[in-house]
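Next, two complexes with subunit A in common: one pairs it with subunit B, the other with subunit C.
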Partner chain A sequence: MVFFSFLIAFIVGGLICVVGQLIMDVGKLTPGHTLAILVVAGAVLDGLGLYEPLIDFAGAGATVPITSFGNSLTHGALAEAEKHGWVGVLTGMFEVTSSGISAAIVFGLIAALIFKPKGKAN
Partner chain B sequence: MVILFPSKPSILACGAVAGPLENKSVFNSYFDSISEDERWGQKTNEQGHSKMIQEACDIVMKKADLKNLDVDYFLSGDLVNQMTPTNFAARELAISFIGLFSACATSVSSVIIASLLTELGASEYAIAGAASQHNAIERQFRYPIDYGAQKPATAQWTVTAAGYALIGKHDPKLPSIVAGTVGKVMDYGDVNPFHMGGAMAPAAYDTINSHLKKRHQKITDYDLIMTGDLGKIGLKILKAMFAQTDAKQEELQVFRDAGAEYYGEDEAFQAGASGAGCSASVYFSYIEQQLKTGRFKRVLLVATGALLSPMSFQQGESIPCTAHAIEITMG
Partner chain C sequence: MDPQQYQQIEQQNTPPTPYLKNALKAFLVGGIICAIGQAITYLYIIFFDFTDKTAGNATVATMVFIAMVLTGLGLYRKLGAFAGAGSAVPVTGFGNAVVSAAIEGRTEGWVLGVGSNMFKLAGSVILFGVGSAFFIALIKLILVSMGVVKW
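Coming up: the complex of A and B.
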């Protein structure tokens, strides 16, 4: 049944990307808007308790797309809020996501140091 | 507003330079030089942009056997903020310089002013033209190329190219400028910066119409009416607009667009080419050479420009557009 879980991850992850593509092509929004909308959608879905079941169902199909970042924001905030009350909402938001943000910064720096962007090749 | 040039200033020499990707252009054999490096050996795209302008102007002066001191005016523009690539090229050229911004219509607005200066006797030799460098302009108007943003099918590809012409006194053996039309700024409320061709077509239509009316001409009086960078979609819109007048279907063949033809049918370039260097590098290479060989006797060059800034479209402003035209005859 391993193959089946791969297939589900592929389809669900692909469908989330289809939504992103539709936001850009049909909704005529910028990549920045698309990113923000997907993050917020993930956060709202988790707030409604819907994102965790999606991860259980689709695995990496739900954790790899950017919606999972929104999910992690809400998740961290709710978990810390239970422990520390309202202040936990603020401290918790970046508790789970800090590794992702740090990784983006560090890998971005490394890529910028090594590579120089060029135009389309001939 | 149509301006007549009774003394018929001539295009004495032309220089067109392009980047490595432009080797794919259907016009590549007409360019004077194609660089292997998109930055012309410079550190930044903007410095390469400047170097490209200098190289094109050097070619023009070499062809006419002139030195920088012999040239009276340098009239040019580009699309980068404050036009620094052109300003910096002017610093190296050391020719009296006026920077002109008509976006991608600068190739023609500069020639109109050069022709006026020649007509007045204020200039013996004036270099006019425009340029654009893909990476620098993408960063200016859309996203830095490093960002890798997707583009819709209506988007056009900014060329890396420069085209310059030396305008001087009438020479019966050379192409000569007999009239020019300075376009109005038209705005039909288009807000999509990835669909410039559609936004610019009405401006091109208006300028062509005004020119024909004032000159008592029909489109059939021309061997060619070539717009600058309407692209494949914009050209279709322009033809459709003329189809609604009394123009016959076969007469619409007279309309061509430099941007629509630039990269041939290659779909990687979406709706075709654009950029200030697009019309300039085609007008001041292919068109000039075709006029000289006698293939064309009378042409109308209509460079189109979208007058937006990144800030204006982020603030939700629509895209005002313009088009300037010059009528060139052989001899």
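Coming up: the complex of A and C.
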């Protein structure tokens, strides 16, 4: 059982990365554009109610790719909108996804304190 | 030489993109990163009383931490050169974008360098994520209030 969950996470996560790679190679887009497209895709999938079943199925295979960022933003906004109406769309937005952003900010700060710039992008 | 001819010559001389090879590398590296994420998820569920639903958030934060260490040591750039989207698409790629911009920003000082540049690369992900989430939630809210769909 546990082995299968690793395998499924590997396959689903890998496939999402392949989609990203194809957008980059076939669509001739920059990584920045590709990530933006994937985030929007994650948000749309959650709007259609399809991303949560994918997380139930694939675990980290669905929560680790950047598509889950769009999903959790939408998810928080929808959950609060259900309870509080219009205002909830804004108040709920970062409710679920706060950890990724706060982690990035805090660890970015710590990294800037510890590591020396090397000239070229790390 | 007319532009059409130029384009033809350009096309002939650019090396063809190895679609399959790139896709395979992205699949392997991206898949491995997600499998590591799955291991971290299990650790949180078993040792820290997280549930299936809440462990995802803790996993994301931990992955960003790992990305910070690898970025600081200059290893994530090497991984990115090999894996392409395989290392960019997982949340570690987001962490890498923030952390590398923060480290590089130090040359311009803490306020105008680190502070202003931190989201230089990752900002578009946040903008498009928040923007699309806003409009999708709005559309759903309208549809629900019209009675077309349920929550």
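To be clear about the criterion, the second predicted complex is superposed on the first by the 117 of 122 C-alpha atoms of A that agree within 3 Å, B and C clash if a C-alpha of one lies under 4 Å from a C-alpha of the other, contacts with A are read in each partner's own complex, and residues count from 1 in each chain.
We adopt the following convention: contacts are C-beta pairs under 8 Å (C-beta built on N, C-alpha and C of every residue); 3 or more make two chains touch, one makes a residue touch a chain.
For clarity, every value in this text was computed on a predicted model and none was experimentally measured.
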Partner chain in contact with A:5 - subunit B first, subunit C second, else both or neither: second
A:117 touches, of subunit B and subunit C: first, second, both or neither? both
Greater residue coverage of subunit A in the superposed arrangement, subunit B or subunit C: C
Which of subunit B and subunit C A:99 touches, first, second, both or neither: second
First (subunit B), second (subunit C), both or neither touched by A:24: both
Footprint overlap on subunit A, comparing subunit B with subunit C: 24-25, 31, 117-118, 120, 122
Contact footprint of subunit A on subunit C as seen in their complex: 17, 19, 22-23, 25-42, 52, 56-61, 63-65, 67-68, 71-74, 76-77, 84-86, 88-96, 98-107, 110, 114, 118, 121-122, 124-130, 132-134, 136-141, 151
Subunit C-touching residues of subunit A, taken from the complex the two chains share: 2, 5-6, 9-18, 20-26, 31-32, 34-36, 38-40, 42-44, 46-47, 55-56, 59-61, 63-70, 72-74, 76-78, 81-82, 85-86, 89-90, 92-93, 96-105, 107-112, 114-118, 120-122
Subunit A - residues contacting subunit B, complex: 24-25, 28, 30-31, 117-120, 122
Subunit A-touching residues of subunit B, taken from the complex the two chains share: 19-21, 23-24, 38, 134-135, 143-147, 149-150, 152, 160, 192, 268
